[in-house]
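Next come two complexes built around subunit A: one with subunit B, the other with subunit C.
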Partner chain A sequence: MTTGEWIRGTSVYRSVIRHGLEDTNRNRSLIIFENLFLHVHPVKVRERSLRFTHTFWLGGITLASMLVLIATGILLMFYYHPSVPQAYRDMKELQYVVDDGVFLRNLHRWAAHLMVFTAVLHMLRVFYHRAYRPPRQFNWVIGVVLLLVTLLLSYTGYLLPWDQLAFWGVSVGTNMAKQAPLIGERIRFFLLGGNIVSENALLRFYVLHCVVLPVALLLLVSIHIWRVRKDGGVQGPPEEGRQ
Partner chain B sequence: MSAPIELIESNDPVAVPWRVALMRRDSRPAVRESDEKYVMTFPHLIVREIIMFQLVVIGLSLAAIFFDAPLESIANPVETPNPAKAPWYFLGLQELLHYFPPVVAGVLMPALVVIGLVVIPYARVNLEAGPLWATHSRGKLASLTLVVLALSLLFGAFSCWPIVIPTLIIGAAMLAARNGEQASPWRRALWRVTLPEWIMTWFVVIAALLTIIGVFFRGPGWSWVWPWEQFRA
Partner chain C sequence: MPDLDTTLDIEDDEGKPTRRDFFVQAGVAACAVAAAGSGIVTLDYLKPKVLFEPPTTFVAGSPLDYSDGVVRFYKDNKAFVIGGPTGVYALSAVCTHLGCITRYKSDEKAIACPCHGSRYDLEGNVTHGPAPRPLPWLDITEDAAGNLVVDTGIVIARGKVFRP
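Presenting the complex of A and B:
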């Protein structure tokens, strides 16, 4: 008996993971439906849905980059102050003081780009596979909202380094919001906490980026994935002769 | 086992409690015969998900090792860089600002795009559409030609060539596909495209083109520059 086998036989371990070690279909089923995170899956899936061209894994890659973003984002929060000019100094701290600080920031940045990119590709894949058709209509709408939340997350994060790129990128964008008739000025003031991009805007974008939008995203992603299951699993390319 | 079985034909379950049911193959009570093969989620799907996640993490880590996230000098409200560009996913919009009044490019068009995306699964044309030219009439040909020309003229009036040119090319492909049913394989493939797919492709090509122009071909004062000139500077 190896140590691993002994540990997995103890009553403490078995109180956490109830199913045994034997590789039986019963245990393979228990692995899925006795686990909070895995039980969003059915116990069996169509073999066809495992093919790469069924979904190109685009939704999965989007979700994977989201997980990377949460992990790196929480670590970055330990080193960040949403104030002027400390925010920019923190970028320099990441560069010169924090171990692997540059790697952490790079990872967060590239994961953010990947998430926006694959979310768009995922939407196109679903469209061209006509996977928005009943009963999946509402999940498509949730998906559109998720895309918007993803863009807002990326955009609010864009301001946080407080460098020239961030400042003027956000200035350009919020000047666009100003053009909305009647409420444009108010929307901009509400977003920025003032009439120009300032320290107030940095704080607002920080709270939106680290609390409000991630919570919204997590809620919507949960509903989105849960509904994929409820609506009959992932829908690949339309099958010949079956609508 | 020697006694012969006596068969009584009856529909009264009290008088004859035992029964033999004969069923023809094609009238079995199976709901629907399916040749779909199912596999256990664990390990078949879970292992693939783990591999996918690891590939994403490895790929991103390599990108993070070899390419640094940009960091310019500290924000300075009085020193405007030229050009001041939004993040890449908004550069399509910023490119539109070059051609249209701000309220059109910054509010009307994005609003139309979002509304257009949301209503996709509720519009009957998207649910039922077959190949565009499966039903063929002169009225359809005339109205589609008119729409393509009207859109080209409308955007041409604003000199928005990144919209006009794809509109004309995709419009021409759409109209040329109409007799492609018996033609070469690639024309047959075009013939099979539905109207919603034509519209989405038109939208995606324009969005991608505007974004690429905004990212790579715009310099000081939003003037046209070639990418290699930008990199030299």
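Presenting the complex of A and C:
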């Protein structure tokens, strides 16, 4: 008996991983079904749908950049204090003092740009491939909300360095919200936690950026991917002659 | 096999709400009231009661400092105090387009916004877009020592100059 066989025979291993090693259809299904993280994915995919030109992997790239953003964002949170005296200093410290801080910060920034970019391209791809049509119409709606949440994440993250660009970006943005009829003033007051862009606004944007919006995004992304499976997998270019 | 009583929920008067219907509706209503209440309380919680923001009033010196054509920019208070031909008046320096802080251009006798290029004359009227509204006029009073006190929180009618 080899060590590997012994490990696979233990009751601990068998309680965690229930499928066998043989390359059978049953085992392949079990790998997907019995894993919380994989079960949103279809058990079987057509080989054609994995080809790059089928979907240009745009949704996948968006998802991958989201995972990069979560990982780098959590690491950045260990050094960042969302307070007026410290926010800008912490950002500079990450840039110049913390080991690999500048790498993580730039990775967070570039992944954020990439995520918005590929999310928009993904939306265009779905549109031109007519993949928004029934039965996928509900997933299109979820996708639109996901794009909105992505943009809100981008925007709330914009304030956190607390530099001139951030300050004026949020001044301008919240003044746009103020133009909403009737409740505009109140929306701005709620967003900023006051009348001016100050410590309350910084803290609110921080909580939105690090807790509220990521939780919403994860929830919606899970539904989005699960629905892809339920609606028969990804739809690539429509077949010739089909309307 | 025991004889199961399957007629428990069936009553003779059809269409009349059963006791179960009543409790279900009462439960749903109670949950709805609780949800609405928590929603209102949460919104109220998110509304700050005390704001540690800078005061809206500031002292702008003696009225005698403002002869015709004098423009003083109070950076911290985001306001201009201007001497006109008939008296003193104060303008908000916050651009009415999107809230950037405007600057006074002494060589052109104009107020200009660095963000999107809006321009105003010295009475706050828009001379160049994209600003949608003129700069608001701010309230001026006099304190006991005879100095001007400007309140950036109070907007007054345009053209109402302060005469000491």
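A few points about this structure:
One rule holds for everything that comes next: the second predicted complex is superposed on the first by the 224 of 243 C-alpha atoms of A that agree within 3 Å, B and C clash if a C-alpha of one lies under 4 Å from a C-alpha of the other, contacts with A are read in each partner's own complex, and residues count from 1 in each chain.
We adopt the following convention: a contact is a pair of C-beta atoms (placed from the backbone, for glycine too) under 8 Å apart; a residue touches a chain by one contact, two chains touch by 3 or more.
Quick caveat, the model's predicted, so the values are computed rather than measured.
When the two structures are aligned on the shared chain, A:Pro237 is found in touch with neither subunit B nor subunit C. Subunit A has more of its residues touched by B than by the other of subunit B and subunit C. When both complexes are overlaid on chain A, the residue A:Pro181 reaches subunit B alone and has no touch with subunit C.
Of the two partner chains placed by superposition, only subunit C is touched by A:Gly193; subunit B is not.
In the superposed model, A:Ser171 lies in contact with both subunit B and subunit C.
Residues 168, 171-172, 176, 196 of subunit A lie in contact with subunit B in one complex and with subunit C in the other. Put simply, subunit C touches subunit A in their complex at residues 46-48, 51-54, 98-100, 115. Taken together, the subunit A residues at the contact with subunit C in this complex read 168, 171-172, 174-176, 189-190, 193-196, 198-200.
Interface of subunit A with subunit B (complex): residues 25, 28-29, 31-32, 38, 41-48, 50, 57, 60-61, 64-65, 67-68, 84-85, 88, 91, 95, 102-103, 105-111, 113-114, 116, 123-124, 127-128, 130, 132-134, 136-138, 140-141, 144, 148, 151, 154-155, 158, 161-169, 171-173, 176-177, 179-181, 184, 196-197.
Residue ranges of subunit B in contact with subunit A, taken from their complex: 36-46, 48-49, 52-53, 56-57, 60-61, 63-65, 67-77, 79-81, 84-90, 93-94, 97, 102-103, 105-107, 114, 117-118, 120-122, 126-127, 197, 200, 204.
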